[in-house]
């Protein structure tokens, strides 16, 4: 067998950072190769070099046995390389067909017009060939994330890619969608394509890849065969130390009702009903998890609860008080902490330094902003406390948030919110994009809060996270709770079905595996789940 | 004929000065050259109205006065074109303070300068000033105003006489059955309303059936708006539009050309200064801003500067007049010309008194 | 690490420090603009003709305009001839300060809105509304009080009136933006035209001075105008007004940096979603900041009426638009506004001198102003130039912004 | 008449396939409201011809009003089209006003020197394109803040044009030169009301062509898609192998060309450049921005939005003559008030996602 691509001695420097340090990397043709590593290990950078987005500081790129120099993605595309980026590179208001053909539009009339019919036919034909389910005329902004990903893959295939790079393709998918994706990858390798995919998730790498390469601090620390390695072994390779993968969780000791939501109805930005009649109660010392495929109303539910979006009906109570019509500020003052889903848009002000960011949400509080005047020295102390206690890696409190890495920004936000002395913590994807070590840390803190009698609402698309941390787990589908289950007594595949809007057969409910085990074995009944289509 | 001074030597002077003024090299050369040789007879400071030179009317007319004086008396002058009201005072002071050269006279063009001149005349009692279009009561200021309404009356009379008959000349024509004529003003102000009032009086003197459609564009420097205002008038049946809108009037002429109708210019003999429109300009209500400029310079040279006096220049003083168009003037019917000429005499004699506000 | 290295590091850090960098870049922008302006003057000087005796000669070629003279007049003239011995506070320098005072207020108006993430092009209109209101109400007030007491009462009263009316007018685009999602750039432009029209209507009718041919109000009595202290009154400048401007700068600085409301404003300006998350009421902040911004504009109008003209007159000079350039040059920083306003005050006041003392068209200063703003807009240009100067050996910067060959990074 | 009516209808139509659902429906509502008002107005006018309604209805359905609206539209609509190209490509070009000024002056100057109107027209376009090139270099190469650089472009032109005019003509206003005149299509120009479309200056016809061509470029050509992608998600375009900088340069330069045509048309239509104060352009470039935001970045929408504004302007000119009891100063501000009201009804316009942001290839 020959090598589809080979990277030799790749070094890539950025000012002050060596993102890749003398990395050798090669991929067998027709196989799936996983690239594993912590945040900032240099995975994306390495692939960007292969895709011609960056020129390497030194090193060689060899494709199909030929040395290549890519000045731009165009060159890489011509050499048969396609890349599906972590953040999709799609133009939202354009259609699926327009996106797939972008930059390579079939022309007519001597190039004066796009052959729109031809383009559509080409897309339909391509989708059929690989068995993809896409609507060529749908607008990207109207289709699901999974479909967007298929569009991305089609885009690469349309350009004649033989080697496909997928950067963290599973981060935003449901277990069923992940399963579908792995099916697609199999189909692609069967047709002779080569796949490289980047992930943080050990289980996935082992489930889908033939070979796994691990990067750490910009260096490659090893390539192993997927069939003869263990999760623990991979984790150690990634992090350089042993990692505790199981969450140790004492039983809940719940108190009074802290938050209660009844008959909540919320519309989304487009005026479409996103949350449809949801009710629940949350007690002190309890973690209520919400699982569900992104876009089933979790965001709107959270926003209505935290005061960022007015609900259309229903009530929200906090410590017995009706806060439905209260402003966001009133809710903060009432003891609500909130780790937002989108840290860089909401959680921190990127151009503020950490001192100023430590004030966010407390600017009117009696401690930091008494009588409308800000106590800066006090705020600085507060910021430094957060930095110390939450292990935020930063040169100092006067550093702007934007120059912190994503994971450190997240730790800072978590620290700020936890230090509020909250009654209720709403944590939305608290560990998204955070590396293994920090995940561990954040989980521990959440459990500490729970023990201290704080009520926690936890939303995450990572099943193992919500399963591992929650005392009760609600599954949301199309704006409503399908069920509230005991996370310990429910398998991942059952949850998958619930997330697809189906009640699993009563018989299945009994065999509860531990969450970690469930993660390890690839979900099996994806086919059954595929029936429940997403909106 | 004893009518308006169409084709008289005044107009010819205009031609010369105008071409002289539009190429500044000539002017600079003269000043510079003569400064070095013998030294000019006097130094004159010109502070123009906002709107600047090249307006084809008010400021340009004032400039032609100083240019004429330069030719005749070997004086030198320096010009300032303020952009905003607060600058008037600065420029007046600059000229007044200057010692190298020492300005013998500062000409302030436009009524907006009156307030600052009132202050500055007091601060610089030894400096001679003259102001056009307003009266400043100070011993070192000579004030000149114009009876724009008198000249405008003649313009109105001519317009109303011509619009009630079938007349065609150059690129325009009137229909005898039309019952309105137009007036386009710049920014609403008492001064421009004086034009409007005189014009309206003249129109109704010519015929009871003719109305005046009036429009203000809100700017003295917006030909596009002038054109739309005039076009709307021509579309509504007006045959003749008179403007008192500075450079905005250029648009009025253009609208006339497009509609195949007539226009009446203002301040200068615009059939000459805007030759491309001479085929539609029946005449112009010239306001001889150059006269007081020229006269006051001459007075300064002769040592009899009329400081403290206020002169109002009307038809009798040749301060305003209706000048027929350079190319259309000869085609104005005699009966119209003679009626206008009679009215002119009547105004001068005091037999007709023209209102100053509409 | 060698000494040269250390100096280089230091310079690098200097260049990176934002406040220092801003000042460096602004100065460089000014210098470069002047340089280009000089070239323009020379080129223009070749396009006209003049007598050989009045021409200047550079590089063996004759030019009709002399750039050195132009800039000498522009700056020294505006500063009131500091080197010719005869400097007096009553000279042109007080014109410069007068312009500076007005520009401080319009600059603060624009800067405040900018900090809240709002582009207030409407300062001009807010100034007109505030100015007219001040003139009209102070005139009424002057019937009640007069003399020194009148000054003490009426000046603050006039400022408050200007602030209130300017603020109210500014709140219109604020409300439209907050509650009807109407783009403030559009609404403020439209409201400028509307303010011009309405004030012209009022001052040409109901509030017109019957004595004057101009569209203006009755002049304010002397006691209702800013008293002149130290600086001669001839130039319509009052140190008291300038002091108000400085006070306003300090006030806005304090507001933005040390109050919760200021924090709300800044957060909204940088990242509205984060502000909302942090408990900031976005709509209310929009309305409040545009109202406050309008208030500054209104005060500028009041200053113009009570210090410069002594009445309100239609055809307000474009201080509101100049405020935009002031604010931009100042990086929307209140303290920076002081310096930017002074610079543009010099340019505005120097324009008169240039026009008076040379044949160079004064619109040159307008071009200079544009060039300064252009250069201020492109700090990257100076950074690149700066890097070349600091480290001439460095290879051209790669497109990704990374240095090639930085092996001494370790 | 249907300036306003058409505008309402079709600012909506193009919107329908761009805007989010919510804004689509408000736009639709507004459109129907405008049409409804208009119909009511016309019916009322027919019923009471002597009332204010009658006068209004009369003015609105007048062929001359349409002709005036077209004339007034030309510079605004050209600049608006230019603005669309630039902003869709991701560069907010607030300097349109400056491009109009520089081209308006240059067109007159070149015409004056060469004697050829169309040479002058071309000269204006070139001047504007060069200034746009400067803007492009500064924003694309040197990552200048687009808004500030746009303002700078305006300020530079605002100073430069009168400066040069002063140097050459000794005054901020130029002398008059010949004008473009007008072309009348036989027969068609005789049609009531719409005949105005067929008896207009060449620049009006040029505008029709430009509107149609712009629409075609965006809807039918690959380049148009690249422009859209460049403004919505430049990275998507970059990774698809299209050079984003090049597309953005093209967008800005086209905006220079189009705005140049607008400026040249403006001054050559009158045969003079007036450079005093805000110059003869007097905010038209800013109104152009209003127009394309209103028209939701659709060339036809922008054109109709311009027509709405210009139509109102034309109407106010006529209303001044009719003596409807409102002071003239207040009649003149009607168009501005209406724009604000309509904007308050229509609400937010959605900017291209990446507009205003610098894009650097290879940025993470």
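Brief remarks on what is shown
A, B, C and D are the chain letters, set down in written order, and residue numbers restart from 1 in every chain.
The rule is simple: contacts are C-beta pairs under 8 Å (C-beta built on N, C-alpha and C of every residue); 3 or more make two chains touch, one makes a residue touch a chain.
Per UniProt, the chains are A = ABC transporter ATP-binding protein; C, D = ABC transporter permease.
Note that the structure is a prediction, hence the values are computed from the model and not measured.
For the pairs A-C and C-D, the larger set of C-beta contacts lies at C-D.
Averaged C-alpha coordinates give centres for chain A and chain C (ABC transporter permease) that are 47 Å from one another.
Distance from the chain A centre to the chain B centre is 76 Å, each centre being the mean of its Cα atoms. Between the CA-based centres of chain C (ABC transporter permease) and chain D (ABC transporter permease) the separation comes to 29 Å, rounded to the whole angstrom.
Between chain B and chain D (ABC transporter permease) the centroid-to-centroid distance comes to 36 Å (mean Cα coordinates, whole Å).
Contact with two or more other chains is made by residues 172, 275, 329, 332, 361-362 of chain D (ABC transporter permease). In chain A, the residues that reach two or more other chains under the touch definition are 54.
The set of chain B residues that touch two or more partner chains comprises 24, 50, 81, 83, 188, 218. The list of touching chain pairs reads A-C, A-D, B-C, B-D, C-D.
Partner chain D (ABC transporter permease) is touched in their complex by these residues of chain A: 44-45, 48, 51, 53-54, 72-74, 77, 83, 85, 88-94, 98-99, 102-105, 107, 111-114, 116, 155, 159, 269-272.
Residue ranges on chain C (ABC transporter permease) touching chain D (ABC transporter permease), taken from their complex, read 40, 44, 47-48, 119, 121, 176, 180-183, 185-187, 189-191, 193-194, 197-198, 200-201, 204-205, 318, 324-325, 328, 361, 363-371, 373-374, 376-378, 380-381, 384, 399-401. Considering their complex, residues 24-25, 28-29, 32-33, 36, 50, 78, 80-87, 89-91, 93-95, 98, 111-112, 114-115, 119-120, 123, 133-134, 187-191, 218 of chain B touch chain C (ABC transporter permease). Within the complex formed with chain A, the chain C (ABC transporter permease) residues making contact are 258-261, 263-264, 267, 270-271, 273-281, 398, 400-406, 409. Chain B meets chain D (ABC transporter permease) in the complex at residues 21-24, 27, 50-56, 60, 81, 83, 182, 188, 213-216, 218-219, 221-225, 227-229, 231-233, 235-236, 247, 250-251, 254, 258, 274, 276-277.
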